[in-house]
Structures are given as structure tokens and as C-alpha cells.
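The structure follows.
First chain written, first letter: the chains are A, B, C, D, E and F, and each begins at residue 1.
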Amino acid sequence: MLHTVNKSPFGSNSLETCLKMATSGSTVLLIEDGVYAALKDSSVAETIAQAMGTVTIAALAPDLAARGVADKVMDGIKLVDYSGFVDLVCETDKTTAWL
Amino acid sequence: MLHTVNKSPFGSNSLETCLKMATSGSTVLLIEDGVYAALKDSSVAETIAQAMGTVTIAALAPDLAARGVADKVMDGIKLVDYSGFVDLVCETDKTTAWL
Amino acid sequence: MKLAIQVNEGPYTHQAADTAYKFVEAALEKGHEIYRIFFYHDGVNNGTRLTTPPQDDRNIVARWSALAEKHNIDLVICVAAAQRRGIADADEAKRNSKDADNIAPGFRISGLGQLIEAGIQSDRLVVFGD
Amino acid sequence: MKLAIQVNEGPYTHQAADTAYKFVEAALEKGHEIYRIFFYHDGVNNGTRLTTPPQDDRNIVARWSALAEKHNIDLVICVAAAQRRGIADADEAKRNSKDADNIAPGFRISGLGQLIEAGIQSDRLVVFGD
Amino acid sequence: MSDEMMDEGGTIKKFAYINRKAPYGTIYALESLEVVLIGAAFEQDVSLFFLDDGVFQLTKGQKTDGIGMKNFSPTYRALEMYDVEKLYVSEEALAARGLTADDLLVDVEVVADSEIAGMLDEQDVVLSF
Amino acid sequence: MSDEMMDEGGTIKKFAYINRKAPYGTIYALESLEVVLIGAAFEQDVSLFFLDDGVFQLTKGQKTDGIGMKNFSPTYRALEMYDVEKLYVSEEALAARGLTADDLLVDVEVVADSEIAGMLDEQDVVLSF
């Protein structure tokens, strides 16, 4: 399954709940303000690093660039553009949005 | 100063930030989904209890009633109706909304 | 006291418009003056006369219009926010070459200066948003 | 693949409408079929022709209309959500005794069944919201 | 319209509704319920999940006169008549809010988050509110 | 209109703008900035506070071509010309996000939350975004 998270992890619990619900092998795609979860050295970086053990963490590159944080992304995060977003949707059996 | 918080403390960081910014003697009024912070036995009850040492915590009674939690409010929380909300605004020097 | 109100969210979607209305009603009952209600962000959507809520639900737009008429309240919709979201009076519709307008009775469209001015001239500004 | 899209937020206020648009554009480029785009909640506000965004900004509504025309995409606005928020086509305006309508070209108003049906008939449903 | 649709496909999919927001503060809970009611006519395999603040949608004793909004909580009790019978509530979400199943106005299955995660994996279409 | 207004009162109030939301995901940051720019004509005593995700409004190197939105971050640099010079950023908010003052595109004062709390107490009018 593909999960999308569009909220900042610093202001909302959407990422937290998403990670509880994402079973092993699924992909979590960070979009819009959700991409801030990809920042290295932040207070949620450890949570993301741990999640990477069981799920793939991806982030929408245009959203990272817009926010001026493209060069601050932690290692191991898969970067995709909108075309890659479409591929993720098609490669997985369904998409769940965590709003 | 009067502070209003209209977000659930379980989904958003608004209450947390408000409590950091509310100096001694100020009043925090919980409205709309913010009233859930008044629940006893919840995971934020301890935070609210501690805050009561320095600030007054109030909650909008009609919002509690609407949500079916009027009988679950922890001790020490001041209940107001819309008229009381107006009084709080007028009695304090200004109002800050934590959205 | 002289109170100014800012409403930042549209009707129905967020409770902000409801809470603001109840607050204003209570303030008027207590004899306070409502200097102005300023609608910003999606709040501008409070001012469209094209809404048709379910019959058993409150009519948020009509409620504002009625309150404004009864108590002569200044309901101001921010022009920049309104243009982005498609709220127009006859003048705005003409200026922007639109074939229709949708503003509700009692509302007027004006600039952000009206918000700042309300903050300066009133004793309290209370913000309702999301 | 056959993709269905749900847009839950209005234009400009939340990025949902932008992300949905970019996603749809990319999907079309890759040869996928867009079975339907369903606008729900404040998403219905994507379908008003009365918007006039700043000249140096994107025109979200016009962008949807152009995309629909070029690729023959079904843009459906939920009738119940639209009534609450003041989005009306000529029929709706007449039925609800309104003196104007505001729907943008390429959009149509229909029921929630269109969302469920899109979920059934398409291979994937992708939700953009807040 | 719905008759037409059902004749057309005949497909039965597993539809999940994820409710994570409290009622009244925003309209998502109400408009989610409206989708469930309309969706029932399509005779799909429907499950409702109440996570995070979504559990507040089901609290007993909601009295909305004071806020001037309609109390739509009785509708959850009517879902059974629409053959919508699978309501799952997060155990952890209830506990964090100081609630138990006794505080809810309708019979639900209280389930651990880890179990809900597995149930979501089984779905075909997920609608999020 | 603004001239009229200024003649009328002559009052100078302390206006605080509280920015707590990230840019682009929602419009609040941009529309807050629009208020600040219009408000500058009223020659009040203005302070901008960047708390929580509001600090993200000020990050260097924003490139919005990919999302099709206008990059409005250069406007923060222009605030000085409008005599809006008091920009306060939460030290704790920066740290939690792995940022330092070097990551910001404009000169700001980085202040502890406890100090910001005291500064807010001194204000006359508080606008929240």
C-alpha cells in the first residue's frame, strides 16, 4: 500500500498515525508540508530513521525544493517527482491519504 | 491576556504552544475542538493540571455539551458560555488566538 | 466596549464562523459595540448569497445578513482574498469582466486596511479561524 | 491505468488542488486514463468562474477547465457540498431560486454516488485534502 | 442513478472510510457520514474505522443546541439499517482520550492499532476524512 | 483610504503578527504577509513572531517552479523598506526543525520561547496566522 502524508510532523499527528498503520513493505510518500519530516537533525529524524527499517520513505522533490530544504534531506529517503508519484500509486495496490 | 485554543490537543500542537506562551496570571479559554483538552483521564490531563498552577483554564460549555463530554471535565476548569467568553475578552487587555 | 472581529474560515467547513456569530450575538446582548467584522482567508466565503444549506440546518450567510441589518454592523470582505476565491459584488464583477456576482446582502468588499484600522480603532480584536 | 481523483479543499487556501492538478497532469503524460475528478468538501470551490487571481499567480479554476477540455475529463462537483458553499450551475440556481450561478466551464454538479462509482470503476482512487 | 451503476459493474469492492477528525469543529465527520449513507446503495463491502479524534464522533450524549448546529450523532445508530455494520474503533485512541466503549453511542469493535493496520491492508478503496 | 485613517486617530498601537504555519502547504503565510505590507502604511509599532512551523517561511533557497506557485519569500527581505524591522524567531522552533539562523534568508532575532511570551504580553493587538 502507498500512504501519503501532507502535514508537517511538528504540528500534526498525521505522520505518527500513518507510521503506526503502515505495515512492513509499504511506502510512505511525504508531500506538501509533509516533506518537512524528511529533514535531517530534526526532532522527528529518529522516528523516520526507525521507520525506514520496515517501510520505504519517499518525498516529493518539488515540494522539498519549494520549501528550500532540498539539501537538508536525510539519507535513505527516496525522492520522486509527480511522475514518480503516479508510478508509486500504480505500483501499489491502493493509496491511503493521511490528512 | 486571554488565549483561545480551538484545536484538539491530540491532533495539533496549538495547546502546547499556547501554554508555553501564556504567562502567569493569564487565562486560556478552550473552544471548539479545543475543549477536548478539558477531559479528565486523558493523555493531556496532566499537562492541563500543571498549567493550572500558573494560568486559569476555562472551557466553552456549549462546545463541551455539543461533543457529549460535559460530564467528563476535570476539576478546576472554569466553564463559560458565549456571554462569559465576551466577559473574558473585555476583562483582559487583549486576546490571542492559537489556531 | 468596541469590539472588532476577524473571521478566517468559510461557512460549514470550520466552526469558526459559528463561534464568531455566537460571540457577536452575546456581545451585542451585553451592550457592546461591534466595530466591524472582517472576513479574511476562506472567511470571505461567508459572504456568498448562492448558498442553499439543508432545510434543517442553520443558514450561516443569511444569519450574518440579518444580524448586520438589525444592528447595523459593518461586514467587510477582503478584496484580495475575495478575488482569489470568487466572491464578487457588482463593481468587482464589472472590473474583472465577470458575468455575475454573488455577494450577499449586508456585506461589502474592501481592502486589508480595514482590518488594521479595526485593530487600531477598537478596544479588542478577536480572531476566529483554523 | 484508470485513476480517480478526489479533491477536498478549495483553491489557493490549501495546496491540495495544486498537487492534484500536477498529479493528474503527470498521469496523463504517462498515458493513464483519468476516470473522474470528484470535488468534495471545500473542494467544490475549485469550480467557480468568479475567481480573479493576481496576474502573476496561477489560475487554478481556469487550469482545471482547460485540462478538462483538452483531455475530456469528467470534473464532478458534489451537489450537497456545493449547496452548502454556494456553488451553483444554471439548473441549481433555478431550483434554489437564485438570481445567478457561478459554475466554471467543464465542471458539472452531481451526487455523491459519482464518488463511490469512481471508486468502484477505477483502478485507483487518490485523495488530496487537508 | 445508483441502480444504473449497480447493474453496470456488479463488482463488489472493500471500501474503507477512515475517520480521524472530531465532529462539529470541522465538517469532515458529517460529510464523511453522508458519503457512507449514499455509498450504502451501492452494496459494497464497507468498513468504518475511527482513529485519533475520529473516536469523538461516537460519544454518547451530544447536545448541540448551544452551538446552533445539528446533532448528527444519532445517524451512526441508523447505519445498521443500511447494512453498514463493521465499525472499528482504535483502542489506543480511546485510551488516550480517557474514553471506553461504554462512552460510545453505538456498538463497535474496539481493536488495537496493529490489528487495524492489517485490516486496512485488506481493503480495495480507502476514503480518508 | 489609509491616509484618512491615519489622520483620524493618530494612535500608535503595538501590533503583533504570529506566524505558525509553513508556506505553500496553506495560504496563511502569504496572506499574513499581505496584511503586514498593507498594515505598514498605518505606521503602527509592528512585530513579527515566527513560531512553530512559521520559521519555515524564512528558509533560504526556496524554488517553487516545480509546484507552480509563486515564491514569495523574497518579500521578507523587502520588509525593511516598509520599516518592518522587528522579526523574532523562536529558538526552540528552529532547533526542533534542525535549522539555525544561517538557514534563514533575512536577519532576525532568535529568541527563547520564554522571552517571546513576555514580549507578547506587551502587545496591544495580536493577529494570528
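Odds and ends about this structure:
Keep in mind that, in the parts below, a residue touches a chain if its C-beta (ideal position, glycine included) is under 8 Å from a C-beta of that chain, and two chains touch if they have at least 3 such contacts.
Since this is a predicted model, take the numbers as computed values, not measurements.
Counting only chains that touch, the fewest steps needed to get from subunit A to subunit C is 2. Across the two interfaces under comparison, B-E and A-E, the one joined by more C-beta contacts turns out to be B-E. Centroid distances from subunit D, each centroid being the mean of CA atoms, peak for B. Farthest from subunit F, judged by the mean position of CA atoms in each chain, is E. Two copies of one chain, subunit C and subunit D, touch each other, and the residues they use overlap strongly: the shared fraction of interface numbers exceeds half. Work out the mean CA point of subunit B and of subunit C, and you get 26 Å between them.
Work out the mean CA point of subunit E and of subunit F, and you get 40 Å between them. With each centre defined as the average position of its C-alpha atoms, the distance from subunit D to subunit F rounds to 33 Å.
Between the Cα centres of subunit A and subunit F there is a gap of 28 Å. Of all residues in subunit E, those that touch two or more other chains are 20, 24-27, 52, 67, 69, 125-126, 128. In subunit B, the residues that reach two or more other chains under the touch definition are 6, 10-11, 13, 32-33, 62, 81, 94-95, 97, 99.
Residue positions of subunit C touching 2 or more other chains: 12-13, 15, 19, 22, 41, 57, 80, 84, 125, 127, 129-130.
Of all possible chain pairs, the ones that touch are A-B, A-D, A-E, A-F, B-C, B-E, B-F, C-D, C-E, C-F, D-E, D-F.
Listed in rising order, the residues of subunit A touching subunit E in the complex are 1, 13, 17, 20-23, 26, 93-99. By the touch rule above, subunit B contacts subunit A in their complex via residues 10-13.
Every residue of subunit F that touches subunit D in the complex is listed here, in rising order: 24-27, 67-70.
Contacts from subunit D toward subunit E in the complex involve residues 6, 40-41, 80-81, 84, 110-113, 115-117, 119-121, 125, 127, 129.
In the complex of the two chains, the subunit C residues touching subunit E come out as 12-15, 18-19, 21-22, 56-58, 130.
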